[in-house]
Amino acid sequence: MSRIEVDEKRCKGCGLCVIACPFGVLDLSDKFSSTGYYPAVMVKPEKCTGCTLCALVCPDVAIEVYKETKKAGAEK
Amino acid sequence: MSRIEVDEKRCKGCGLCVIACPFGVLDLSDKFSSTGYYPAVMVKPEKCTGCTLCALVCPDVAIEVYKETKKAGAEK
Amino acid sequence: MEKKVFKRTGGLTDIPMRYCPGCGHGIIHRLVAEVIEELGVQKRTIGIAPVGCSVFADEYFNCDMIQPPHGRGPAVATGMKRIRPDCVVFSYQGDGDLASIGMAETVHAAARAENITIIFVNNAIYGMTGGQMAPTTLIGMKSTTSPFGRDVKRAGYPIRMCEFLAALDAPGYLVRVSVHKPANVMKAKKAVKKAFQVQMEGLGFSMVEIISQCPTDWFLTPLQAVEYVEKQMIPYYPLGEYKTPFKKEEGKKEAKDKIEVEFRTDFN
Amino acid sequence: MEKKVFKRTGGLTDIPMRYCPGCGHGIIHRLVAEVIEELGVQKRTIGIAPVGCSVFADEYFNCDMIQPPHGRGPAVATGMKRIRPDCVVFSYQGDGDLASIGMAETVHAAARAENITIIFVNNAIYGMTGGQMAPTTLIGMKSTTSPFGRDVKRAGYPIRMCEFLAALDAPGYLVRVSVHKPANVMKAKKAVKKAFQVQMEGLGFSMVEIISQCPTDWFLTPLQAVEYVEKQMIPYYPLGEYKTPFKKEEGKKEAKDKIEVEFRTDFN
Amino acid sequence: MTERILMKGNEALAEGAVRAGCRFFAGYPITPQNEIPEYMSWRLPEVGGTFIQAESEVAAINMIFGASACGARVMTSSSGPGISLKQEGISYIAGAEIPIFYADIMRGGPGLGNIAPAQGDYFQATRGGGHGDYRVIVFAPNSVIEMGNFPRICYELADKYRMPSMILADGLLGQMMEPIVYDFEPIDPKDFPEKDYLLGCTEGRERRVVRSYDLRPGYLEKNTLKLEKKFKSIEENEVRYDDTNMEGADLVMVAFGTASRVCKSAIPLAKEAGMKVGLLRPITLWPFPMKVLRQIADEVEHILVVEMNIGQMVEDVKLAVEGKSQVHFYGRPSGSVPVTEEIFEQVKMILKK
Amino acid sequence: MTERILMKGNEALAEGAVRAGCRFFAGYPITPQNEIPEYMSWRLPEVGGTFIQAESEVAAINMIFGASACGARVMTSSSGPGISLKQEGISYIAGAEIPIFYADIMRGGPGLGNIAPAQGDYFQATRGGGHGDYRVIVFAPNSVIEMGNFPRICYELADKYRMPSMILADGLLGQMMEPIVYDFEPIDPKDFPEKDYLLGCTEGRERRVVRSYDLRPGYLEKNTLKLEKKFKSIEENEVRYDDTNMEGADLVMVAFGTASRVCKSAIPLAKEAGMKVGLLRPITLWPFPMKVLRQIADEVEHILVVEMNIGQMVEDVKLAVEGKSQVHFYGRPSGSVPVTEEIFEQVKMILKK
Amino acid sequence: MYQGVIMSGFGGQGIVSAGILLANAGMIEDKYVTFFPAYGAEMRGGTANCSVVVSSEEVSSPVVARPDTVIVMNEPSLHRFESQLKPGGLMLINSSLVAAKPKREDIEIVFVDANTIAEKIGTLKVANMVMLGAYSKKTGAVNVDSLIKSLPKVYKKAKEDMLKKNQEALRKGMEEV
Amino acid sequence: MYQGVIMSGFGGQGIVSAGILLANAGMIEDKYVTFFPAYGAEMRGGTANCSVVVSSEEVSSPVVARPDTVIVMNEPSLHRFESQLKPGGLMLINSSLVAAKPKREDIEIVFVDANTIAEKIGTLKVANMVMLGAYSKKTGAVNVDSLIKSLPKVYKKAKEDMLKKNQEALRKGMEEV
């Protein structure tokens, strides 16, 4: 299963990732972050394919994406 | 018969009028003018047609052109 | 096993960016930084921050940076590149910076085929100073100095820099991209990479015009802003390559990794 | 009876001009002055002299004149025309003035479709200051700051202003003429007249680029200089109209007295 | 507008210019003066005037050069970096003797600096940052009321002497809001007296030339000596200043703009502490109130100059004082605004109490 | 070049800069300094350097900003109008603490003025025509020898203090030819000591940023106070001047550049007429020789300042003198060069002989 | 009497207009007033703040370095201005949006559930007025009637209904403290 | 000894190089010398002139307002500089090109048929040297040998043959006066 991590200190809750995700994985939280924004959160984590589209549009480079790989050795 | 008048105080002897005249009417004088240039002079005055080509290229607006007209009334 | 398929580029420093939520500058910063990293030139790249919202770029790009007077990036870049031809020099500029006060410097750097790269962020507004009209502000678009909408009778016509500079004879690379959707972001990155490569191969002036969103001074939400890019900006500023180095002249080398930019204009 | 078929225009003052023998400025002055006289606007024309050899224009044109900083003619013209739309405002500028230091002002006046006329004297050199390289100096051409000939690697490419400005969206009239032969002089005058008419009809920015000879700083005799115009300058700077107001758009009025410029390239 | 209303300094300035007959504004955005062009962009069309957002400060100063030569009351404004770019144009305009009015709403410098209030452009304003021998009449308001009411005086002097006049104010004065009342009725440009040097229609008169050059040997010198005379007469007749609590003062503070307000607020503290402290506030920075300062120097031992820079006006103070008093300086440059207590500390240190 | 050769001032200056290690020049034509870019256009390529004819003075100053930040000894030059346009850039460079060297070969002003020799840019040079608190080290040569040899000193001080330095000379010094010998061997840029603020390759070091701004409250102030310290130390250590015939003088002339030569030539006339007249020639205009003037003022009743302007340096003289001597002024502005007899007349008038 | 206030929150929370309203109220009470907004780059990131001084003496600087009162409309504002508040000063916190609590113990802290109250009035937009009402009551710097009288001057384009809601919010704010 | 000279003629007549040659000759005689050319707009119209000072004392200004000698190479120069010449000063006139005569009577006038002499030497280009030779003889400001010694320094690119012709012209000029 793939997943993303949102860096709460960077996220400004712009929502661009939310509309970029083709699978509706993301939404904005209804809780303020420490910086005063509603950060993006995974609301349907199971649907994440690790396609990175959300990360591509994130203006604050707040998203990192992890993808399930078959072989352990693939990661260097 | 047509003719031109060269204002010696303006002429700088550039020779542009000389090459512009289709009838070889003009040449540069071999005498200095008061301003220190060799001004243009009519060397074949009889050939002048009053075509104004010399005046058109004169950078110092030193040439005025007179043309013989049939009727006296034509000049206002 | 889990693999990190998207990670923060080392081309950026760790400092969180101070741009408004949804601002295009952040995306563009990342693209440029990734390209620098991927081309392996990070240790010999010098960036030039503009006077504009992205004056902060000198804190964000993880390479040597200089902060020139408003609009003079291309002149400063010229001085640097001539002294350090071994370095990669890029100037990051807004539309006010590049196309208004810096017009002469831009045009002449291009005409000199100065071997530098310009990242030109066209958000059709003066972001930093609070939303005044830019030379690229669309006809009818409101700004704090065109409160009734830009009126061509008084304020003239928006300038399309790619088309304009393409009319010069000097060789170079001119391309317009946007960063309002993932697909466009990917193409934008290719364009940035090609521009840097053009410089590295000594093929002359390269400029990537990036249509960017400024939610704050457009008085739109981030989501409305990306739609505005799609619906209003791109129709006036068509995306694509406007000049590629030595495209027509046979025998001269092509910049490698040439991208064919064919932008979708359908958007849902 | 004798009739004066060519007389000195009242559009010029009586003061003998201080230009070098064979200099194109004198011819161009006369053309502009004649057009002003013929259009009957002499009493409401304001001229702007450049900083360049023709800084003296303010003594020669028989109308109100102003002398602005180097390159800023279009900005000064803008201020004047906006305050006196009833006046005819023209700015007379050299290639250094208009295309180098004044590039931004030129481009922006054109982009604003500012309703002014520019007489742009392109002699490919800085005449006034003694023959330095201009933005329009031909490739390989020697000047006091390109002593080995203009080298594109160091000094870039000559700028063709008509072609360049034609790439802007603003309406206007852009034409290139020369004054090296009688036939060209006649066409040049038509172009100047049309440019003034474009302004008088409120059709936007008009610029007449005039290829002009500078015997002194080309280190040529006047006769060699006109041949240089023919053989070297015109091939790089093709004569003709580059933009005519509303050419393509039906329904909008054409500037009247439209000239078709078809220049001979044979010369004996 | 006889009612007091709250207004931003920049807007009061813009409105004041319009009421004084300004009908042409060309400018380029820069913080902290953006409210001026923004205000002009809607206000001028209302009165039939012209607003142009110029492509640069260089273009802006030249646009107003042209517009003024054609008879309009004109204005431009900027902050440090932009004013620097205008110096060539200002020198031309001064040389051509064309009246213009402009404002420098100062921010921290040098360079890009910052956008906080500062007073680092005093030298540039009073010594002519451009080339050649010329001067500019410089007004230094210290409240929104003055921001609004000084433009009229600036225009009148610019016209009277055919030269540039300006307002030099820090960003704080531009950005703050205070109550304002205009002390003059709006002026209709139609009521301006005829000027005999304007360009336009030559019907019934000789042609005119506006220019700042003269290549004939000796002629330009003559013209500059004429300018010098004009400058001397301005130094004689147009000095303006404000003084507070001068009677028997042991120390006189000299400060302009925002710094003068802070200084003024320190006077009661000093009084409470038993110190006699006065304040001289130059309102015109050029012409500088030399004479009054010279008189003060005859009577007062200590002069404390307070500026939001590292020491610029202090030179003028020293020039006036000629060593007769001790001149002290306290400066907070590049965007820092001093507070009352700081000034009081300085006063105490000097008077050693 | 130990042999004396005849050289034009402008060319001596250009050659002097190249010998001092200049390897990057960007400039824009303007009379009377055209020989500088013209010389550089062939000379720099000879030594592997770069010459660029910039599109404008604004571009030129910024090109050298970039080139210097990358480690080259750089130069630009212009005359009044062009120097005015460079003021914004100079302010940035001063704020960013990048060394540059430039020359102002003065002509008549204000405005377009004329191209004759003048000294009207003294204020602009010494007070910083740009915005904000900064200074530029200003050298005033008065011969072709000094035109050629001062660039090296300018570069050394610019590097030492990381700031702009300049030569302020009138057009006469630029245009005339005199015999010259260089007092230093050509310097190879490879021998320059390492600078720890240059941009380029970050291998083995932290990344660097060159900038003149700081938006964090208070930080820019700190930086400016640092600059102030630097300026004070320069005022302490880098003053240069020349004096002639000071022993028991009844009158001391103060003049720089060409004016100082003319003044010097009046000394024998005065001597013949039985008058003791000395000459103080400031070589650095900033830092200005305040201390020596103060000492002179203690001893000499009359000081005659001679300038080719309407009175600029005279302010610095008055600042130094603090009213202790009578300061007289004789000025020939906007392109007129005084002659020996004129100066002698002035001296006679003052000493009433 | 001297009151230096800083109001701070998100852009869109009506910080600037609330500040102007307060200054206007002081003005019509013939007090000396100044208003000073954060400007320029400080505005990036959608934050807004302003300083208002209301005083019986001439005001020297409108920059409030050590505020007597801070009105905190969102959480980042709390962190930003907590340390600047004068010892003994007042911090008015919009508790609807601010979960955190100030750490300082030498200040007076008052929580107002401004958003909730505003919502009840019918629009979140008047949360700023709720805070201002509370402020006027707590400090007495200006009279609430002056605030109400100032409403139409400051909100020139506001509809009657909206003015009423603002008025109501001011009163409700007073009642909260 | 002080000699202020103005040389004036058309561009192309070698005015500037003749002036430099004179200054160089003075320099190698260890005199104080300055050379000052007309520059800028003054050059328009193809005229050229320069001022040279050769002096035993330090030279203050190289601008020669009242020349001791004027060397006139063409007719416009005569008109231009006649009035500036010092009373008692010397005017050296190239009579080949100048038909007019000075009107002043308080000056010394010497005509030299420089072009004719130069033509005989083989090139019109050395007419300037003829004048300079005459000048050195008349005034003694510099020795003709110093002028000859200076030739290769000033005409760096000149061929041997040309240097010879210049030398010959200098000598011929001397013989004329």
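Letters A, B, C, D, E, F, G and H mark the chains as written, and numbering starts fresh at 1 in each.
As a convention for this text, a contact is a pair of C-beta atoms (placed from the backbone, for glycine too) under 8 Å apart; a residue touches a chain by one contact, two chains touch by 3 or more.
The structure presented is a predicted model; accordingly, all values stated were derived computationally and were not measured.
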Chain G reached from chain A - shortest hop count over touching chains: 1
Length of the shortest touching-chain route, chain C through to chain E: 1
Intersection of contact partners for chain A and chain H: none
Cα-centroid distance, chain A relative to chain E, in whole angstrom: 54
Chain F-chain H separation of Cα centroids, rounded to whole Å: 34
Chain C-chain F separation of Cα centroids, rounded to whole Å: 40
Junction residues of chain F, two or more chains touched: 31, 50, 52, 55-56, 58, 81, 88, 92, 96, 111-112, 115, 211-213, 215
Shared-contact residues (touching 2 or more other chains) in chain G: 40-41, 45
Chain C residues counted as touching two or more neighbouring chains: 19-21, 55, 67, 69, 100-101, 103-104, 107-108, 128-130, 135, 155
Residue numbers on chain D that touch chain B, as the complex places them: 1-9, 12, 16-17, 19-27, 29-30, 179-182, 185-186, 215, 221-223, 226
Contacting residues of chain B [partner chain D, same complex]: 2-3, 9-10, 12-16, 19-20, 37, 50, 52-53, 55-61, 63-72, 74-75
In the complex with chain F, residue positions of chain H that touch it: 20, 23-24, 27, 33-37, 39-41, 57-63, 65, 153
Footprint of chain C on chain E - complex, ascending: 28-31, 34, 37-38, 41-42, 50-53, 55-57, 81, 111-112
Chain E contact footprint on chain D (complex, rising order): 42-44, 46, 48-49, 55, 58-59, 62-69, 72, 75-80, 82-84, 86-87, 104-105, 107-108
